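The following pair of complexes shares a single chain, subunit A, combined with subunit B in the former and subunit C in the latter.
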Partner chain A sequence: MNPKMACQGLQKGETLATLKKECESLKKKLEEDRGKLNDVELHQVAEKVEVVGALSIKTRRVLKGHTNKVLCMDWCKDKRRLVSSSQDGKVIVWDGFTLNKEHGMSMPTTWVMACAYAPSGCAVACGGLDNKCSVIPLSLDSNENCAAKKKTVAMHTNYISGCTFTNSDMQLLSCSGDGTSALWDVESGQLLQSFHGHTSDILSLDLAPSETGNTFVTGGCDKKANVWDMRSGQNIQSFECHESDINCVKYYPSGDAFASASDDATCRFFDLRADREVAVFQKDSIVFGASTVDFSLSGRLLFAGYNDYTINVWDVLKGTRISMMFGHENRVSRVRLSPDGTALCSASWDNTLRIWA
Partner chain B sequence: MAQTNSSGQGTNGVADESPNMIVYRKMEEVIARMQDEKNGIPIRTVKSFLTKIPSVFSVEALHLGTLMAAHGYFFPISDHVLTLKDDGTFYRFQTPYFWPSNCWEPENTDYAVYLCKRTMQNKARLELADYEAESLARLQRAFARKWEFIFMQAEAQAKVDKKRDKIERKILDSQERAFWDVHRPVPGCVNTTEVDIKKSSRMKNPHKTRKSVYGLQNDIRTHSPTHTPAPEAKQPTEEELQEQITFWQLQLDRHRLKMSKVAESLLGYTEQYVEYDPFLTPPDPSNPWISDDTTLWELEASKEPGQQRVKRWAFGIDEVLKDPVGREQFLKFLESEFSSENLRFWLAVQELKKRPIREVPTRVQEIWQEFLAPGAPSAINVDSKSYDKTTQNVKDPGRYAFEDAQEHIYKLMKSDSYSRFIRSSAYQELLQAKKKVKKTQSLTENIKMTNAFV
Partner chain C sequence: MARDMSDKEILKMELDQLKKEVSTPRTPVSANCTDTIAFVEGLLPNDPLIKGVPDDKNPYKGDKGGCIIT
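Right, the complex of A and B next:
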């Protein structure tokens, strides 16, 4: 190698090293700045709030029908129907209130890890190991084979870990093990926007609850939770506090904050205005990873499902655990509050779903 | 040539443990504390190094203990089912050799050798359970061709076992059995070795997986020289680093709120909505899931909004906009004032963003003509900057063509029309306590009305 090339090679190496250093120092400064405004802890301010009284939450329905682990579920806007998907390759639409199975569809692959109900209630979306997210219109005729009308909308290069419709049946947001998330036009299958930034699998996404907002949050195996602008595709905020994979992210009802569940056995609470982690929900006795979270309607309670088969109910403001919900006989993979907040549905590796109130 | 880091270190140099390993380490910490000579669990030599777990257990401790048993860290000495019970049963700790943190994935050939061995030993305690006998029969069919080999292995092991000290043998037998109870659980029991497929594809140390308990060499894959090592974390490029730097600089410029302010806001929000949270305030008349009575949902579906629902519209403009009945009332009020074009524009743009991409260009033109074009029938007032930008956008119409204008109109509505609506007599009337229209009451009214017409 001639000396000039060697010199350039050295310069390149130096440039990379300098850039890395700059990156690290900026990150450090950011953490410092974030810390400067930490004049008080959330739980300290919350000392003046009344303690939540004893909750008498019980299982009100048990939905049996899947023959393998239930991996995901989503509520219909009508507050009683729901869709669930399983490792058994099936997607089932239930009337949770009557336990009636209204539709049962078989997918071409096992491990259907994501499913979502369309806002109109007329379709569902699902995806998993097939690397695709499909939309299936629900027929009123229960005899008709819905799966036949399945239409592929999202295409990724690794498994689909999450999907949700935006505020209409016409757009679908997906996230994948390929580290990207994407917004799709359902009718044409056209990619409207893709989002890059995660350095490993994305395991969860959640749309911000806002009439005017265009943002969503994702969490993944790179331990980061990122907030995205749907319009520009930009990553607008990022949080890296967890010590292991983030399995689930969920917005606080006002949209100003979100919670995350991680394999490090903690759930954390991040405020977007303060731009920092404002609470950690953990206990020495909680050893297994948290896989899923959701808030109650007022945001006071955080329901978290764990790999130790339980659901813990946390006081979001005080940071303490209020109670434990036992019932499932294997990992809890997903918890979701119903649209009017009257019930919580949980899906589990014990092949069942439970509705609690 | 890139050096492989066998502990799978991330770019920041900290060892990246797989999610499973994190849990195993924690359980092993508990085990260490349990086994601590001074403060741990009392170990009594009752016949052969048995352990009695103290009988005072909280529900949570019992649950965690059961999970640790299910993962194979300790086991009841006389039951295949790995669980922890508060009934004075004796348990034994598992030898670290068999701990799950050693990444065991034992093959069926091993299981076959094990079951076969058990049938050779003439001890009542080693008799096969029904499900084990069934498994053995299945394995015999599956491995028919190499059964001689398996049989020989089993014989060899049985021979070695016979030579062992009686007590030692008892302990080893129970530990071996507990190991298999984890990896080939009793039917109906949870298989704790099942992995989430999303995580299994990222196994950090595939070459660390131990596949054979008895050192059987028939599995080529375990010791393959061509077995690929764990992939090294991708190093970022110069371009990526520049992007990251820009990102962090933007983050530094962000305006942040003080925690005290944020905390008050969170407390305020929760307080405002606590009466609407069914988990904290029982809904009126009842929670359908608890009472099996759907009246609550029927009332919400009716055109007449209840007082509690109307009260919520005053919390903020978003509450009115997200409730279809709220939107309707707001629109009605503005129409009565002949100032509904702002809301109608806002709603039209929301609708635009919900349409398939194919319909967007046409809709954009329609909205432009109706609200913004010179001489538009429902002309809205936007600032000149937004107007110019929108004019440009409309030439190449996309879903966000009216984004700036919509934002401006939203702010206007929030500060002007919305506050007028909340103060209006129309809203105040809706807010006044109305008696809940019960089914029986309306029925009576219906009868009265019918009578009036007769």
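Right, the complex of A and C next:
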């Protein structure tokens, strides 16, 4: 065989088929290694744990103001203010106690799919179909037009599906329909780090609780949940257990685990130290996709919002459903626990938000 | 971006990632679950949504407007 043919042969050796085969065998090994440490399931270890008593969680506030689906919301650290964003193109800052609308800002496009409150409480970030994530400083003067001071920070090549400030107002993390997430410097708009690995739209991201270091988790249409190192840009752990799009990911209060909500009608719980899924929250009667999850303060309860308009409350340790929260008249798009754990806010396609306590 | 990559490039990316993941350090599920349970039990007595908060201390359990559905 002449050298030229030999070289071509080498390249041809690395065909789609051989790569696929190698991937399959590594996936198998990974499954085996993870399986060796799967000596028991979470609900089995939790058999002797006392059951949670009846919960007395009710709707305490209904926030009306948006004229179309509410897609996202976030709490301010002061535990009373919150920001919401909607398909109507508006971003509203509310006082959750009094229902007062403190700021109302119009964005250039409809479908503002992501919003976040800055740690200082002095600004909010939002983004959506405009493919950008902007930061808006909140003025103390309610007559001032906040939207005019809007500053573009993140730029993606497809819609923004999620955003969050890191531990300060200075850095913003964004995720997008373009399959990437990125870390930005708010002041300069400079891209600090980009994260590649998802093979389809990313739908959600969540930052690890500050004590546990610099990582964040993303979930998306490729059915994968990936954990990233913010400094190196590396994908350090990956979980492919869901059977459909992952709509939401949320870290556990301890930082050692996270939950996911998916169109496959299940929510799942992944332990990061065991590097595997340790619980699946599902029921034959639940057939609609789960779009959002959050934990109660102790991590005992998992609140999950579904496309059948309900919020199911799951016992994280026992894997059973404790109760259901009814009230919304359309899909629940987002649930978020207040910073001190006293209340849960839910956002819905019925144009309202509710505060439950 | 992934959508700009050929199937082969995507597979290669997946393969590299898998090679890294196979060597991830991991610990037994039973030990980690025990830790999780201990974590929860420690915080449970102070979880406002489980233990409840007296009406006078809870800012949402007041007559400040909005709907209260009983």
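Everything below uses one rule, namely that the second predicted complex is superposed on the first by the 342 of 357 C-alpha atoms of A that agree within 3 Å, B and C clash if a C-alpha of one lies under 4 Å from a C-alpha of the other, contacts with A are read in each partner's own complex, and residues count from 1 in each chain.
Rule of thumb we're sticking to: contacts are C-beta pairs under 8 Å (C-beta built on N, C-alpha and C of every residue); 3 or more make two chains touch, one makes a residue touch a chain.
Everything numeric in this text was worked out from a predicted model, so none of it was measured.
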item: Joint occupancy of subunit A by subunit B and subunit C, clash or fit; value: clash
item: Contacts of A:Thr157 with subunit B and subunit C, given as first, second, both or neither; value: second
item: Partner chain in contact with A:Leu99 - subunit B first, subunit C second, else both or neither; value: second
item: Touching partner for A:Ser168 - first (subunit B), second (subunit C), both, neither; value: first
item: First (subunit B), second (subunit C), both or neither touched by A:Thr180; value: second
item: Touch count on subunit A, higher of subunit B and subunit C; value: B
item: A:Ala343 touches, of subunit B and subunit C: first, second, both or neither?; value: both
item: Contacts of A:Ser323 with subunit B and subunit C, given as first, second, both or neither; value: neither
item: Which of subunit B and subunit C A:Ser188 touches, first, second, both or neither; value: first
item: Subunit C-contacting residues of subunit A that also contact subunit B; value: 15-16, 19-20, 22-23, 26-27, 29-30, 33-34, 37-42, 45-46, 49, 52, 55, 57, 60-61, 80, 97, 199-200, 235, 237-238, 252-254, 256-257, 271, 273-276, 278, 296-301, 316-317, 340-344, 355, 357
item: Residues of subunit B touching subunit A in the complex; value: 17, 19, 22-23, 26-27, 30, 59-61, 63-64, 67, 190, 194, 197-199, 201-202, 234, 236, 238, 241-242, 244-245, 247-249, 251-252, 254, 256-267, 269-274, 276-280, 283, 287-290, 294, 296-297, 300, 318, 321-322, 350, 353-358, 399-400, 403, 407, 410
item: Residues on subunit A engaged by subunit B in the complex (per definition of touch); value: 12, 15-16, 19-20, 22-23, 26-27, 29-30, 33-34, 37-42, 45-46, 49, 52, 55, 57, 60-61, 79-80, 97, 111, 113, 129, 159, 161, 166-171, 177, 185-188, 190, 192, 199-201, 203, 210-212, 221, 231, 235, 237-238, 243-245, 252-254, 256-257, 263-265, 271, 273-276, 278, 285, 287-289, 296-301, 307-310, 316-317, 324, 326, 329-330, 340-344, 349-350, 355, 357
item: List of subunit C residues in touch with subunit A within their complex; value: 1-3, 7-8, 10-15, 17-22, 24, 26-30, 32-37, 39-44, 46-50, 52-53, 58-61, 64-70
item: Contacting residues of subunit A [partner subunit C, same complex]; value: 14-16, 19-20, 22-23, 26-27, 29-30, 33-34, 37-42, 45-46, 49, 52-53, 55-63, 80, 96-99, 157, 178-180, 196-200, 234-238, 252-254, 256-257, 271, 273-276, 278, 296-301, 316-317, 327, 340-344, 355, 357
